[in-house]
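Scrolling down, you'll hit the structures one after another.
Look for chain A in each of the two complexes below; its partner is chain B in the first and chain C in the second.
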Partner chain A sequence: MRVPTTRILWLAALLAALAFPFLTDNLYFLSIVITAFITAIAVYGLNVLVGETGQLSLAHAGFFGIGAYTAGILAVRFDLSFWLALPTAVAVTAFLGFLVGMVALRTRGDYFAIFTLGVGVVITGILDLWEGVTGGTDGLIGVPPPTRIGPLTFESLEAQYYLYLFCLALTILAVRNLSRSLVGRTLLAIRNDEHLAEAIGINVGRTKRLSFTISTSLAGFAGALYAPFLGYLGPSVSGLVMMFNMLLYLMIGGAASLAGPLVGTLLLMAATQGLLAFEEYQLLILGPLLVLSIIFAPTGIAGLVNRIGQRLSDRKTKPGPSAAPSSPSPKNRARPSHAPPHAEAGN
Partner chain B sequence: MTLFFQQLVNGIALGSIYGLVALGLTLVYGVLKIPNFAHGALYMVGAYITFVAAVVYGMGYIGAIAVAVIVLAGIGVALERVVFNPLRHAPRLHSMIAALGVLLFLEAGAQLAWGAEFRRLPSPFSGTVVLFGLPVATQRLLVIVAAVAVMIGLSLFLKRTTTGAAIEAMAQDRAGALLVGIDTRKIAMLTFAISAALAAFAAALVAPLNLISPTMGEAVNLKAFVIIILGGMGSIPGAVVGGYLLALVEVLGGTYISSSFSQLIAFAVLVVVLAFRPTGLFTRGV
Partner chain C sequence: MLLRTQKLGIDFGGLKAVDAVDLVIGAGAVTAIIGPNGAGKSTLFNLLNGFHKPTSGRIFFEGDDITGLPSHRIARRGISRTFQTTRLFPTASALENVLIGYRMHTRTNLWDAILRTPRARREEAECRDRAMRVLEFVGIPELAPLPVGSLPQEAQKRVAIALALVSQPKLLLLDEPAAGVNANETAALAELIRYIVSSGTTVCLVEHKMRMVMALADTIIVLNHGQKIAEGPPDQICSDPAVIEAYLGGRRDA
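Now for the complex of A and B:
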């Protein structure tokens, strides 16, 4: 009953996205939406690991940076076409992600978060210090926009918009298929209870490495799209603020949901445009916003919308006193599919 | 030989700072099981409060340290009440993400209040004393003596007082502590207060030696985590020993191998330790 509604919503979103360049002449708006599309791809990658597998990686922005710098360096220093640089950058990021995952995933929980925090710091440090290759603090300047492929050229911003929209749609489809597949269910099983997952025969280590590699590949993909769009890169693309922003978009939008990363990224990037003049001070508002949303709406916007939808459909299917929202059940009902069980807390 | 001796003193002074910061981090982890990613930011705010009290309000250095310690203890309690206590029953992931939010909030706040530029706190103890026939900066000596005194004081507090025993009891078992009548709410607040106060004290001691900036806490934060992983998450002696060990390796390695080496050593230690012992070096049984 609810499936068609979601499908209609996705279709409407797609139509709106396709029509958007015709509705505005403002190239500034267009470029904000493109940035949001690219960031959303990375946030989808983060969602695979944090939302679905329940592992907090603080190196995600680092892998975004690796993808961006690989694509940028290949284009600037080796004159490689965008269409070769893109898959190479994704492959490099995926491979490095696999290697890091091999070591990092030997640790669990808090240790994993701390370890990946260190990985992120080191990646930013390397981007900053390896001046001969990355351009150091000055950054990498003059990354060319996507080159033509066949009859398609990407000189205009509108053309680039559709390219990035296509990449985002591809990502969403892939992530959707992943979460509906057996692997996706396995990830959820690990998130909900690692020991139980192991007991029912899931190869937890291998599945987590797979999840980590998928997640870093998407970060690399997003990074490799970011470099040619922006045209220049600095070490801050992989920094702590970027990491924070991605987590913020994910948590506000709703972790472990399909629409959450997109909704969170679009909404917050649009909202923070007004704060752009105070870029350094944005975090004065966004920091507490993240904390508040985790305390009061841990399932994010997607979770809230789902809960409201569920309550509405409950009211339709079984009218009468049982649908009264005063009973404690609606809260519990919405929980299993969106948030890890709270049982693990306190020990 | 003079160089070695001086670097040894530098290492011990740095280790005293690391030890104090790591102590606060390990205390919160041990008692509340929260990896507080905002700990480095508390250290940074502590340095600024010392700076403001000493330079802007013209208090003496010692008075400024006291102000910073008290203010940060208050901030610690507020953090526990406002952020971490409401997340007590939420998945661990959520407290960690919230801590990141606090970290960036404090950094942005410091930048708004005091600007992004580096600041220097003049030390009233700028001279040198001669120790075993070799000159040592008075400030460094002060760092070492004060830090060791605080470490001894803290361990006496934890081992010899009822409140200290209550903290240890809660570290072992929160529900059990509650059952035997310990006010776990108060202990949680106290733990955060002590943790933040230790960070402020360390920052106040080091402020005359280093520059103060809104991002000064980031490197220290990571190092403190490396130290408590080395020493065992939640272990008090482990944090002290780990702090001195990391600082000595950093300083001596930086002197005799290369200075960029000292920046990387903390991470190298982290990778090697966790690659071979994924649960840390001295993990207590769960």
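Now for the complex of A and C:
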């Protein structure tokens, strides 16, 4: 009963997204939404690693930067078409992600977070200091918009909007299929308990490296879309502010959920825009908002909506004593008693 | 003979948690490992399934040397285990918890998953099917759709056993299967273990509940301070002076 509701919501969101350019002629709004779409792709990547595999990486913005700069440099310095620069940037980011993952995943928990934080800082440092290639602090200027493909041109912002929307939809579809598959369940098993996962024959090390590579590939993909959209790149695209913003979008939206990254990114980016007038005081509003949401909705907005939906559908199906289909137990097997577990000294 | 260890030992910075243990687990039988707290029983299990690498000795499974293999490779060879405490995913259903246990026999990769290839669909259906059948086997098919966290302790233990069984292991290691459940539930779990053995899976268990051990085990191995101090059928172990001394304490420093 709840599955169709979710499907209707997704369909409505898609229709709204398709109609959006016709509803506004404010190009500023349009560019904000495009930025949110691109950022959301990166946040989906973060969700695979942080939300589903339970590995808190703080290098994600760094890989976003690598993707952006790779695509930007290829376009500016080598005149490569966007349609070649994009897959190249994704491949480069995936490869570097794989290498970093091999080393970083030898650490666990907090150490992994700290290690990857260091990786992110190093990446930003390289983008900042390798002036000959990256343009240094001045940045990389003049990244052209996506080149035409057949009859489709991407000169106008509206055309770019649909291109980025398409990329986001593709990402969501891929991530949805992934998280519902056996591969996705394998990631969740690792998040739940690494020892148990090992004991049931899962190669935890290899699976974590896979997850890290998927995650960085999506960061690179988002970055490679960001470069031609913005037209200009500075080292801050990979910086800590970007990193913690992505993490914030994920946590507020709801980690390990399909809608969470999108909802969190759109809502918080819109909120940041709305609070722009308050200048430096906007943090005074965003900060407490964050604290409140972590207290009252630790599973994010998606988790909260899910819980409310569950409660509503529970109320509707109340008449039945239990949702479980009662199939007859095999012969002499005793039904488990529902007595409280007997407290016996374990071990 | 399914599994054999040869002078198996592990040294934690000078402490010999398991010390030169020779043991044999016969196929189709129930082997119980008992001993006072800290005797090294769980450490022995961790050695057998590869969580710890032994610092001395060797482990042979079906005649092959499996010493030092990573635990996921040992699991793939057919040694499965449960844990003292439930490590299941509390918010996922019993079925969802169990089906991932069959993952080791599937080959769905990243591209299968993203593109939802026929293989991905087929293998997922197969996992569900296997999981459902093993939940029936352990006697809780009606609990399949319920979140594991909402189930009583004994049912959770059955789910954990189902997860260990779904890959169809040759050897099942049960670490205190009856910890934290009452007497009736203990009897029901003992019956389940007998049922598992009768269906062809060899069982080795660590357990503190003596009545259960005496009724179930074909062979009992007694550990104390990491060393094997006795081995034999239950009635022989009961009257073994070394065992009685280890449990009741012959001298104050024992």
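As a convention for this text, the second predicted complex is superposed on the first by the 299 of 347 C-alpha atoms of A that agree within 3 Å, B and C clash if a C-alpha of one lies under 4 Å from a C-alpha of the other, contacts with A are read in each partner's own complex, and residues count from 1 in each chain.
We adopt the following convention: contacts are C-beta pairs under 8 Å (C-beta built on N, C-alpha and C of every residue); 3 or more make two chains touch, one makes a residue touch a chain.
As the structure is a prediction and not an experimental result, all values here were calculated from the model.
Of the two partner chains placed by the overlay, only chain B lies in contact with A:288; chain C stays clear of it.
In the superposition on chain A, contact is made by A:56 with chain B only, not with chain C. Once the two complexes are overlaid on the shared chain, A:7 sits clear of chain B and of chain C alike.
In the superposed model, A:148 lies in contact with neither chain B nor chain C. In the superposed pair of complexes, A:107 makes contact with chain B only, with no contact to chain C.
Using the contact criterion defined above for the overlaid structures, shared-chain residue A:77 touches neither chain B nor chain C, since it reaches no partner. Comparing the two interfaces of chain A, the one with chain B and the one with chain C have residues 339-340, 342, 344, 346-347 in common. Interface residues of chain A facing chain B in the complex, by the touch rule stated above, are 50, 54, 56, 58, 103-104, 106-111, 113-115, 117-118, 121-122, 125, 129, 240-241, 243-244, 247-248, 251, 280-284, 286-291, 294-295, 298, 339-340, 342, 344-347.
Remark: chain A residues 174, 177-178, 181-186, 188-189, 192-193, 195-196, 198-204, 210, 214, 323-327, 329-330, 332-334, 336-344, 346-347 touch chain C in the complex.
Across the complex, chain C meets chain A through its residues 37, 49-51, 70-72, 75-76, 80-81, 83-85, 87-89, 92, 96, 99-101, 103-104, 106, 108-110, 112-116, 120, 123-124, 127, 136, 139-143, 145-146, 151-155, 158, 163-164, 167, 176, 179-185, 188, 191-192, 208. By the touch rule above, chain B contacts chain A in their complex via residues 29, 33, 35, 37, 82-83, 86-94, 96-98, 100-109, 111-112, 116, 174-175, 218, 222, 225-226, 229, 233, 260, 263-264, 267, 270-271, 274-275, 278-280.
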